[in-house]
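Okay, here's the structure, questions in a sec.
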Amino acid sequence: MAGNSFGELFRFTSWGESHGPAIGCVVDGVPPRLALTEADIQPFLDKRRPGQSRFTTQRREPDEVEILSGTFEGLTTGTPVSLLIRNTDQRSKDYGEIKDKFRPGHADFTYQAKYGIRDYRGGGRSSARETAVRVAAGAVARKVLGETVTIRGALVEMGGIGVDRSRWDWDETGRNDFFCPDAETAARWAEYLDGLRKSGDSCGAVIEVVAEGVPVGLGDPLYDKLDADLAKAMMGINAVKAVEIGDGFAAARLTGSQNADEMRMREGKPAFLGNRAGGILGGIANGEPVVVRFAVKPTSSILTPRLSVTRDGADTEVVTKGRHDPCVGIRAVPVGEAMMAVVLADHLLRHRGQCGG
Amino acid sequence: MAGNSFGELFRFTSWGESHGPAIGCVVDGVPPRLALTEADIQPFLDKRRPGQSRFTTQRREPDEVEILSGTFEGLTTGTPVSLLIRNTDQRSKDYGEIKDKFRPGHADFTYQAKYGIRDYRGGGRSSARETAVRVAAGAVARKVLGETVTIRGALVEMGGIGVDRSRWDWDETGRNDFFCPDAETAARWAEYLDGLRKSGDSCGAVIEVVAEGVPVGLGDPLYDKLDADLAKAMMGINAVKAVEIGDGFAAARLTGSQNADEMRMREGKPAFLGNRAGGILGGIANGEPVVVRFAVKPTSSILTPRLSVTRDGADTEVVTKGRHDPCVGIRAVPVGEAMMAVVLADHLLRHRGQCGG
Amino acid sequence: MAGNSFGELFRFTSWGESHGPAIGCVVDGVPPRLALTEADIQPFLDKRRPGQSRFTTQRREPDEVEILSGTFEGLTTGTPVSLLIRNTDQRSKDYGEIKDKFRPGHADFTYQAKYGIRDYRGGGRSSARETAVRVAAGAVARKVLGETVTIRGALVEMGGIGVDRSRWDWDETGRNDFFCPDAETAARWAEYLDGLRKSGDSCGAVIEVVAEGVPVGLGDPLYDKLDADLAKAMMGINAVKAVEIGDGFAAARLTGSQNADEMRMREGKPAFLGNRAGGILGGIANGEPVVVRFAVKPTSSILTPRLSVTRDGADTEVVTKGRHDPCVGIRAVPVGEAMMAVVLADHLLRHRGQCGG
Amino acid sequence: MAGNSFGELFRFTSWGESHGPAIGCVVDGVPPRLALTEADIQPFLDKRRPGQSRFTTQRREPDEVEILSGTFEGLTTGTPVSLLIRNTDQRSKDYGEIKDKFRPGHADFTYQAKYGIRDYRGGGRSSARETAVRVAAGAVARKVLGETVTIRGALVEMGGIGVDRSRWDWDETGRNDFFCPDAETAARWAEYLDGLRKSGDSCGAVIEVVAEGVPVGLGDPLYDKLDADLAKAMMGINAVKAVEIGDGFAAARLTGSQNADEMRMREGKPAFLGNRAGGILGGIANGEPVVVRFAVKPTSSILTPRLSVTRDGADTEVVTKGRHDPCVGIRAVPVGEAMMAVVLADHLLRHRGQCGG
């Protein structure tokens, strides 16, 4: 209710501030007898971990996850899985100046207004550091989904420069610093981002996450549509300002005869001849790849001085020092993948509950 | 859990099929002692009602709402408000052909796959008719918000033709058939849509909803961010494929120095010099207008024959006869307004619960 | 959240006041393809209906249920089942005096204090009339459970007079006016209650509900234990002040060697040699009959004048005229059965969701 | 949903097994700006801690709580409070024999049946050790309630020997090993329990918890009645088999004229002349002390051999070695107090949300 849990049957509850002793979550509703150890989770955290290239924050956290409960002899037991990640590189001295000034674009002002108090060290609870927890929960969700569901994400636009879809190669996303599916675009981004970093500025990005093998029938009608839950999941990621499914905003510029994906029997099963719908009709998965895209605004922490006000109500200027990602969108890729996994795992259990099978 | 409820503290549960005897909802959590009669709800239903111009479906429903519980002598009592709207113009004969064929773009196939059964008369539960219920619940939500919060929506793009924002006039939205804030664009749309209607085709649209006077502090962090809940609310509306807050996708093409709204003291209070954030920072309202846009795909019911399959697994073609909106986006405007009201009312009560005040 | 919904996966939301036009509920999460018509629900409502003997209130309501949604051609579709029961015999004139006086033992004072307003006609929302809705929802829950689960209730104590368990006969519960499993005790109760009615007084009762055939494994650990949910369900029934499972309070007077039900293999399956646990261990069903008992306080509406205060804060006396049950416990039997069904149906779906099968 | 969370607006989610590295919980929905440090929680854990007398298990755990998040400079921030208690005295070798045998009265059989797997070391998740987490959450709940609400518990019956209420002295509960409000009864219990311990047997108990200063109006009608939530909270405590409010089962043996608490104005405010209702009418607090009692069955772990079956389906006998409480009811007193605090804190926030004030 206070905003720190996600999911219904597969549900995780997150806790922790960027500069406290640790962050973590409790994952409840995990079905029993799934193989699960830290080794199933760590690779996804490593993918998100900062400090791996010059294009992400130089904050260095090993982000080692510990499973504190819910498994026995390497298998889940159906009881809550408690995950803990210690904070090790906090350097809270870096953040002294923002104690009394609200950083434009950050949650400083709204947290202060809502709660009348805030942990000003590095964003506290609103820090992107919390997304490590989502990635960990997403790794557990992948175990629930099993091997027949494949979830992959890619950065598809940065600073207004989009990928060339004709060169799309999922394997390439693992070979460059941007999760870019197209090596040439990755090279352009590197150049662009180097320039931006030098000027102390930042840029936005668009991420695309695709899930293949999603069983037909996942999702609930009306208010818990699969796409509605995906929209909530993605919009809840730090700095995200927009979400679209399938053709998204472009669908609004099509006619009905262009837009609706036609159907034909293929190998004895109904199949779609296109996927403008992004794998979802009426809120329910139709068997085609589930496709979601979301926009990440440029990092608000920049070296350019910006007009602001103090907590005491005086005009001021603020420059956000410290170590920051010039494009937080990059590290949002594994976070988006994780939230896709969480939403699908939750709906898998919900579907099984109501409809059996 | 099965997808028919929305909200937590202010929560409505919807029921009813397009061709059953009635549709309705139960609104729970309404604070006591608010003035509420049918006359507070009916105008919003009238705004959404079909058959008011040649640009919407000719199905004629008076859509008269009855309050069955929860008020006493014109005031809410804190108990559930049950709202009922009878279906009067059902003509289920129109829908005979779709019993066995899946209409492309519709939920026919996925409902059948999920439930193994479907009410094929006019879309049943997945019909846009259900949105009347959301509008009714939204009217109750407006009472919770009170008069200091103003919620208004407009159609801002149809068939790829966008409004001219320099001519934006909220009053104009009440004067044309499209909730268009710009009379010239409305005239262009009328011409465009007349052509489309004649060819039996349909088109998509983009809706913008703006809430002014939203108290600073509404919203919850992380997973129940105000924007995340808005994204879920809007994506849950029939045919919606994309949602954005403030600058949305455009923010991904800005730099950090362009994007972050700067602050200055104004009349003794912190104020923002821009509103690219759409009134929300870190998931919490910052006092600026809350701005959300969503894309509606073109109506899937069109007269052009489309390839499809039958329930028994044979290739076929399908033409959707009957009375349909050439652009469902038009009537989505009051629905979007309603869902904005519901999300804000829910967060108002939640904020009051956790933080007092 | 506001207290009008029960259950998680199988969830119903109730609405309506005793003197409004109707009462009803929305049952969400009903699995698809279950046979369901009004005829499946009506017999349970008839069992609870007042005016069937001289021992219950003479208010006469046909309590005819209408299914407004969620079924198609006699089968559930997986969409919400909306149930409506019209109020027909309201005689609100009977209740004029209690407008300004708080009736001791009733919810008048607390509703007024909580909401600052109350529908004083016949108890409004707090009237036992609302329990008809629970009975209707329970009938739907029975369809979810199927025929292998048998749920039966009996009155086992009235005015301090308990049944003789050696004469227990379930069939007898359908033959007397008290749902009493023992004809001799029923005769004693009739005599006792006739005396009480003449003096304008009332009495309390104890109800026992037993579910047989409950699948092993239903229930969740810790906070949503099957017995915890049953306790909540039964304590939520009007006038209930106590709940126990299996031996209940008597278990507190046993030693460990007396109390724990021993086990032996029986026909190749683990079985229990006793059932002091009432069919639940660690919150999870163990395959034995699930046994719950609850105590109903004496009807607070009595003809004896009682000291009270007015809404305006003056001392007064109050006599509750009108038509009332001398022992509300009698009609609580079908309500207790219904809530047992609801709790079990909910846990059946939850178990299926998390653990499959 | 999987049973490890309690509460709605004030909500905690528990995790951990008795023989894992730690147990803990996340408390979400804590209002901001409450003073909270470990020192506010530790005294309640100390009160529950085992090994403090010869009448409780000799397992020795310091039960030191760590706050990992949600506070800043000694004040809550409105973000989740993560609490962790390390397990230090696990001796899992003691529990080897129960790997393959189901202990009568324990959850071994049902966990195995539900999940197909169980952590057999000391009861795993079903161990009473988990109740330390509830006590910790309860300490946070007390901060939410503030100093005007007083919550106290006492053991009122053990092995069938009840306290003498004429000698009730709350202070005495802190002076003996049983939380007994009556020194003479405490002495009798000591003698009784010594005898029981020597024979390797165990006994049950009844606990009473009283909350004074509860604001009028807390609680929700119908399904989330304050007493219904208390019933769920108490029945969810390990080994509890019965719950009653106010006069409870005794109310079923009264007449209406005896039972209903009359009212009179006292110091300008409505007051009740008795409290048979236990402070709750229609599910809502009436300002009188909230009184709940619950029965704890005798500890199932006893030295007497009992008939059982093995996991492989063979008849066997089982003796539960290890260190166990001869009367788990003793340490249930602080747990019952804690759950009272949690229920009241949750309803305080819920009431504030819906009704303001």
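The chains carry the letters A, B, C and D, assigned in the order they are written, with residues numbered from 1 in each.
What we mean here is this: a residue touches a chain if its C-beta (ideal position, glycine included) is under 8 Å from a C-beta of that chain, and two chains touch if they have at least 3 such contacts.
Only a predicted model underlies this, so the values are computations on that prediction, with no experimental measurement involved.
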Notebook entry, point to check: Chains shared as neighbours by chain C and chain D?
Noted result: A, B
Next item on the list: Look at all chain centres (mean of CA atoms) and spot the one farthest from the centre of chain C.
Entry: A
Note to self: I want to compare two interfaces, B-D and A-D. Which one has more contacting C-beta pairs?
What the structure shows: A-D
Notebook entry, point to check: Which integer distance in Å separates the CA centroid of chain B from that of chain D?
Noted result: 46
Next item on the list: Go ahead and note the Å separation of the Cα centroids belonging to chain A and chain D.
Entry: 39
Next item on the list: Could you list the positions in chain C whose residues touch two or more of the other chains?
Entry: 1-2, 4-5, 8-9, 14, 29, 32, 78-79, 114-116, 125, 221, 350, 354-355
Next item on the list: For this assembly, give the contact graph shape among line, ring, star, complete and other.
Entry: complete
Check: Quick one: in the complex, what on chain C touches chain A?
Finding: 9, 29, 31-32, 78-79, 221, 349-350, 352-356
Note to self: Please output the residues of chain B touching chain A within their complex, sorted ascending.
What the structure shows: 1-6, 8-9, 14, 102-107, 109-111, 113-116, 125-126, 130, 157, 159-160, 196, 201-206, 216-217, 219-225, 227-236, 241-249, 251-265, 268-270, 273, 276-278, 280-287, 295-302, 304, 306-309, 313-315, 329, 350-351, 353-355
Item checked: chain B-facing residues of chain C, complex -> 1-2, 4-5, 8-9, 11, 13-17, 20-26, 28-30, 32-33, 68-70, 72, 75, 77-82, 114-119, 124-125
